[in-house]
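Below are two complexes that have subunit A in common, paired first with subunit B and then with subunit C.
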Partner chain A sequence: MTVETGAPRQEPDLRESHARGWRGVGWGFVAKLLMMALVNALGLSIIFAALNVEAWGILAASTTLLIAADVIYFMKRTLPLKYIFPGLVFLLVFQVFVLGYTGYVAFTNYGTGHAGSMQQAVDAALIQDEQRVEGSPTYPLAVVDNGDEIGFAINADGEVSVGTETQPLEPVGGAVVDDAGTPVEVEGWEIVPRSALFTDQDLQNQVVALRVPVSDDAESGSIRTRDGSSGAIYSSSLDWDPDARTLTDSETGTVYEATDTGNFVAADGSSLPAGWVVTVGFDNFVDAVTDTNLSGPLAKVTVWTFAFAILTVLTSFGLGLLFAIIYNDPRIRARRTLRTLFILPYAFPAFMSALLWRGMFNREFGIINDWFFFGMDINWLGDPLLAKVVILWVNLWLSYPYWFLVCTGALQALPGDITEAARIDGAGRWRQFRSITLPLLMVSTAPLAIASFAFNFNNFTIIYMLTEGGPPFPGTSGLGSSDILISAIYSISGVDGGVANYGLASALSIVVFIVVGVISAIAFRQTRKLEEIQ
Partner chain B sequence: MSAHNAVAPRHTPTRRSRWWGELGWKYPVAAVIIFYSIFPLVYVLSAALSDSGTLSSGGALFSDVSFSNFAALGDTSYWSWVANTLIVGGASSFGAVIMGAAAAYAFSRFRFKGRRPGLTSLLIIQMFPQTVAFIAVFLLLTALGNVAPALGINSKIALICVYLGGALGANTFLMYGFFNSIPVEIDEAAKIDGATHSQIYWQLIMPLVTPILAVVGLLAFISAFGDFILARIVLVSEDQWTLAVGMYQWVSNQLTSNWGLFAAGAVIAAIPVLVLFLSLQRFIVGGLSSGSVKG
Partner chain C sequence: MRKQIAWGAAFAATAALVAGCSSGDAEPAETSAGPDAAESEAPAIDGTGAELVIWTDAEREEALATAAEQFEADTGATVTLVQKNFEDLRNDFIAQVPTGEGPDITVGAHDWLGALVTAGVVDTVDIGDKAAEFQQVALDAMTYDGQLYGLPYSTEAIALIQNADLVGDTAPTTWDELIEMSNEAGFEDRPFILFTNGTAGDGYSAYPLQTSFGAPVFVQDESGSYTTEVGMGGEAGEAFAQFLYDNGSAGTGVFSDTIDYDTSNQLFASGESPFILQGPWMPFFDEGDMNLVVSPMVSAGGETAAPFVGVQGFYLSAQSENALLANEFLTNYMATEDAQRTLYEADPRLPALSALAEEVSADPITAGFVESASAGVPMPSIPEMGNVWELWNAAEIQIITGADPVSTWNDMVAELEASIG
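Now for the complex of A and B:
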């Protein structure tokens, strides 16, 4: 990017930025230098950490961003970017990338049972299948620590060997063993006392999970321990053949072949639990409409999503407009007080309102039943229809003040002479409203109504806080009759626990994006924001 | 109506009924609206002050007044949730203001290659709500957490970063319009006097745009305060939760729900918001009609 200032160029030495020059007040430059030192330190630490855990994507992205930051803030030509860059970084990583990644995941089978690469799936399969080698000896064992990581020291027939997760067992000289044969002194290592194992739960888990390879050859198995004082050789009965892409069970002779769908499947149809991520094309989208378990509930959810968003906008806009018209009357006393009381629900945090109404509508102890329905046992939140009515009612309570404020403002901005002219021409009150006030009002409020529709289309908070999508549909879809698309996506994705299906959930996110995108495009044309850009 | 006419000697019957027809009926209607709007709020206040720890309807409103629920908040993680909410909301609102204002300044004052495409793409990107992409956010933070735990799941810093990513698209436009309304002649005069671009930005423009900074900061704070889905995914352990996640947890389970605590917590959390909202009504209404919707 180059700067094309319209003003005639001045002598550069007259206008040297304070962030560059030492003359005069040099603090701007010092401050910038300190900031950039901090940014570079943070960036480098992330780069090295990424290198360490072999996260290549993060490594590439952080390196690019850090170099870009240094170039931008130490070059003179990149003036506009100096202002835009900080926000741009966040936008790129946490919005643009995230949107793009959703698009990618939508075309994969990412989820429970399908995570990571094929190699990770093989490793997981080998570990899951690992069993103690039959007839293998038990070795006296001690847990050792060198400050960085823990390892095992074992006594194999008088010869003490030490190894860690990454370092296979190697004999060490000069180790001391006690009467039971357990190593008590190993050079370069500190023996972890057994009492520490009993008291430290974290350490205990680490020790139980630790696998120390017997040799460089993975087939020879690894030392594991159950009790922290004796170890034995464990190995997997599965053999991985990278060329044929098969896992062979050496005991039963079953051959599991890698499939295109990201699983290891045997000839008899049985498969291993560990799988990997593969792209599946439009399968997720097709599943959403053809899967008999899912398509019915999803269709209902989609219809309710539109109904919810449209009805919410219509009811709250209508009520707000009605109140605005009634109370936009200079003869009414205490107008300001009335207005403040009217909009109080809007000032109460939305999620708390939803939770509060959830309590008030409770079947057993809620006061709605007790006070307004003579103690009848109405199952407000557990009935498919009533739950929807409650949601609309609460959302009306939450959002009519917004429309009341907006419409009051818009009404006051209307030119009074037009209505006056209409009155002189003999138009009745309804006629005035219908033909003059409403059309003028819609000019300023229609874009807001569209924005409100888009917002409510994804109003996760109110649904989840009030009903959590319930009552559930019959069947195994996991969805409920008051679920809207975003809360259905939440249940399907499994980020909250349970079986995860990131692929299908992302595919539904894409559908939501398309709907919201179309709506926004309409709003965009309406407001003609492009004109502002010119 | 006729009964009123009979006992109204000072007004002629027609004037009286005209008053009722045009104006008088609005007062009883207002009473109904006020009942609708503040009944739940009065009720939560009453429940907060009640002794029983339930939202039970056993007695009348304010039948017993005690502060035991408020005192009991001290034994819960409530105050650390308040602190978390303030940290997350404050940091993301500060960041949104600083970054949004800087970007708006650049778009409003500099003419550079890629300016118009930049503005257009911002406009398009901000149409797609970040919350819908929460799965990708979750997966991204899981990956980042392996590299830098401070940017991973269960970190407030990560949540702030996520909010900041969504802030730029929305706020830049709000601010861009406002920056454009500040005459360019002011900058040019300062430039001729030898001011640098950073001096113009910090010492001239920023003081002139304070109202929009306040609006954007407030809206960003409110949206962070009210966000549930991202906060719930990112913040896992109880001591990291924000108010939205924590208070949901209090009442989500029917068997263990504690409405007394919820009511007390809601009153404490809502009072500052109410005060802030009512005192800044004018600003917020302005911000609302510029296209932001409550989060």
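Now for the complex of A and C:
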């Protein structure tokens, strides 16, 4: 049989993917069907879950993505998208969304005291203001319903009174109470069983919000129930006017007005505790450089962040390269074993190593002072400068094995004939290294150095585990001499328990992102010049 | 063959996932007991279908589960316990309640109250006549601006712990006596362990000494609520600063910034020092082979040495859709002696309920901590306390490592006052 006779018959198969056609066994199509069934099941479960909790944004996004997935993988015309789609989904969910949301928070005052909406701040103010009238007894209470509205029936010393939101309490005759004193029969009213209160959420919220005035005089307070079976007299002095956006204290006459900064503030400058989230434009970015409390420490932190990232890359690269060259010499015995041992610091989890080093650098109990400095009292972690030295040292110890590995690999990949040619031309060892080995090495390692810079710029672990940013700067910034930007952001965000300012923390995160991004872009552009050597 | 098994698995997974969606809500952690179980003397309530969500940490989950079971049996409602890290509860509560995703009730510490109130996420609680059954310090701690915001259930405070094998079982009554006892037993190097947070500083542990000089962080008004007036300044504060300096590296060397939590535990457990000022959470209590005496901290400045008392309790969400049910659970179930005893048994912290505190004081070590806590003051929960820690801790560390005491202390106070405004 010749090749020509077979070729035309096979042509359609070549053009059509295995995953589309159903010819013969068609395992490819079955596999695709199954995978898409899984994707659809996962997508549907997310859609239903989003529907349940009424998260409309997630619902819209997940529905769109799921439909897109089905269209793409069952249509003939969308072949390139089949490859790109999974990556795009990950990009959207884990990069674009996260960055977009951080960006949004950066323009708000979200943080301690500004956590919810204005309505929630109003609710909170009313809750915080409403107090039980001193000396008010606790009355047995039943929720009653006359078909139109609900009310409370209370038993005050054997006398049952009924009232609604508009109708103050009035005694009713002929009511029946049970052993606990709770009214169980009231003429003209239907007693609402407590079970109904617990199971019907709308009714429950009506009951919680219901205040029955004790008398026509508003000053005397109103009955409120918290559990549906007992009531007490409460009074509240704040009034919310939604149109004027003011809360008025009827006792003192103070008017709290809603401000653009998300607080209720009175004319005398006093404010209510709870505020709400508002967008504040570029205030967070401006605050970072103008707030006298913060700008000084932040500037120092920024300088140290650059110094830390650059010095770490330089020192660990230098040491790694030095060892790589030495241990690449064929005259050294047991090179393999030694190389393996060199990698050990890289193999330990960084946070464990950092904690160990922290113990070793302890001024009183640490072995560094005891063994290497004759028991001297050197305050390694408490001195601003020494703390930085310690961090650089520990990070050097942690990261030089990586560069040792990378440089060893790169050195072994260098063509031997170039160095040989240089030697024949009379170049010395130093000259060979400077003009041939290093430039060729940089081609493969420079992009890694940039990545290492970007990583160390945000190397939270080592700072947090070793010094927690300390020793602290004088003042109330909450930052310390060895803080880098990312650990400063952590402090400012208040995740560790202090006063939270998510808005400022997000703004700084955006700045860090831009700085790292720009530096990486410039540096990668520069490394392309290195490639021209080859 | 192998392929077929794989497909079978894939089919099963798909079916399971689809089934998972179709059943709607995720299966609740606790299944509700049927209404037939509601046979208690409490008014028969049928809350079947209602669901309470409670956030808790691992230590309290078991105790809550017992109380929740009873509640479920009585009411038919479902209680879903969600376990989180204790440290995460505060920020998650503040973040989630405004979005409507928060719980109805959360476990929490009293010093979060300032943050919770300013975030507007916490509801007031009215336990009525039951309030008289709780220790006053616990209620004070859960009170903010005259309103009770949580149901307290435990208190905690540090106390003076001494190793009776080294210095005998008589507790010292003054600072000088304490140091003398240590020195006589041969512990001149380390007579007493304080400042157990390394270079970060530990104003919390040193606070009983500070209050014994009459220099509270914030001044309390007549109702016991903290004002924003800083009380650390003036002569009393300077005297305390001088005391720190005299016992720091420039003086007797009793205080240092080199001990952290683990070191302190190690030093005390191995008998390197006979006295430590710490709480009942120290691991050496669990080992049980030490002969320990616990007593209130001695005074160095003449006044009562009052430690900070931390109180833990349950907070009610301001946005709860089940406020009646949540209140029913808190006031009629969790505020009872039985429920509080169950909590104590699952996680032995000093009870906030007076009767129970007395009951557990049969144990001399617990009695020591109870006594210490009863002399204490609630740790301030006002948001301004957030400005204090950093400045305060740093100033103390500077003084014990040899900085000029009076000027360092006064600078700190001035800076604190400026930052509070």
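The rule is simple: the second predicted complex is superposed on the first by the 326 of 534 C-alpha atoms of A that agree within 3 Å, B and C clash if a C-alpha of one lies under 4 Å from a C-alpha of the other, contacts with A are read in each partner's own complex, and residues count from 1 in each chain.
Everything that follows uses one rule, which is that a residue touches a chain if its C-beta (ideal position, glycine included) is under 8 Å from a C-beta of that chain, and two chains touch if they have at least 3 such contacts.
Not measured: the values here are computed from a predicted model.
Undergrad: Is A:A324 in contact with subunit B, with subunit C, with both, or with neither (first, second, both, neither)?
TA: In the superposition, A:A324 contacts neither subunit B nor subunit C.
Undergrad: Which partner does A:F365 contact after superposing on A: first (subunit B), second (subunit C), both, neither?
TA: Both partners, subunit B and subunit C.
Undergrad: With both structures superposed, pick whichever of subunit B and subunit C touches the larger number of subunit A residues.
TA: Answer, by number of touched residues of subunit A: B.
Undergrad: Using the touch definition from the top, say if A:V495 reaches subunit B (first), subunit C (second), both or neither.
TA: Both partners.
Undergrad: What is the contact status of A:P273 with respect to subunit B (first) and subunit C (second): first, second, both, or neither?
TA: second
Undergrad: In the overlay, answer first, second, both or neither for which of subunit B and subunit C A:L441 touches.
TA: Once the two structures are laid over each other on A, A:L441 reaches no partner at all.
Undergrad: Check the residue A:T461 against both partner chains and state whether it touches subunit B (first), subunit C (second), both, or neither.
TA: The answer is first: A:T461 touches subunit B but not subunit C.
Undergrad: For A:A41, select first, second, both or neither according to whether it touches subunit B, subunit C, the two together, or no partner.
TA: second
Undergrad: Quick check on the superposed pair: does A:V53 touch subunit B, subunit C, both, or neither? Answer first, second, both or neither.
TA: A:V53 sits against subunit B and subunit C alike.
Undergrad: State whether A:L298 touches subunit B only (first), subunit C only (second), both chains, or neither.
TA: neither
Undergrad: Kindly list the residues of subunit A that each of subunit B and subunit C touches, one partner per complex.
TA: 45, 49, 53, 362, 365, 468, 495
Undergrad: Which stretch or stretches of subunit C touch subunit A in the complex?
TA: 3, 7, 10-11, 13-14, 17-18, 20-21, 24-25, 43, 45-50, 75, 77, 87, 90-91, 94-95, 97-98, 101, 115, 117-121, 123-126, 128-129, 145-147, 198-200, 256-259, 263, 318-319, 321-325, 327-328, 331-332, 383, 386-387, 389-391, 393-394, 397, 401, 415-416, 419
Undergrad: For subunit A, which residues count as touching subunit B in their complex?
TA: 1-7, 14-19, 28, 45-46, 49-50, 53, 55, 57-58, 79-84, 86-88, 90-91, 93-99, 101-102, 105, 110, 323, 326-327, 329, 331-332, 338, 340-353, 355-360, 362, 365-367, 370-371, 397, 399, 401-402, 405-406, 409-410, 444, 447-448, 451-452, 454-455, 458, 460-461, 464-465, 468, 486, 489-490, 493, 495-496, 502, 505-506, 509, 512-513, 516-517, 520-521, 524, 527, 529-530, 532-533
Undergrad: Help me check something: in the complex, which residues belonging to subunit B touch subunit A?
TA: Listed in rising order, the residues are 23, 26-27, 29-30, 33-34, 36-38, 40-41, 43-44, 54-57, 95, 98-100, 102-103, 105-107, 110-116, 118-120, 122-123, 125, 127-140, 143-144, 146-148, 151, 161-162, 164-169, 172-173, 176-177, 180, 188, 191, 194, 196-199, 201, 225-229, 232-233, 244, 247-248, 251-252, 257, 259, 262-263, 266, 269-270, 273-274, 277-278, 281, 285, 288-289, 291, 293-295.
Undergrad: Once bound in the complex, which stretches of subunit A touch subunit C?
TA: 27, 30, 34-35, 37-38, 41-42, 44-45, 48-49, 52-53, 112-117, 120-121, 123-125, 127-128, 130-132, 138, 180, 182, 194-195, 197-199, 201, 204-205, 207-208, 225-230, 232, 273-276, 293, 362-365, 379, 381-382, 468, 470-472, 474-476, 478, 494-495, 497-500
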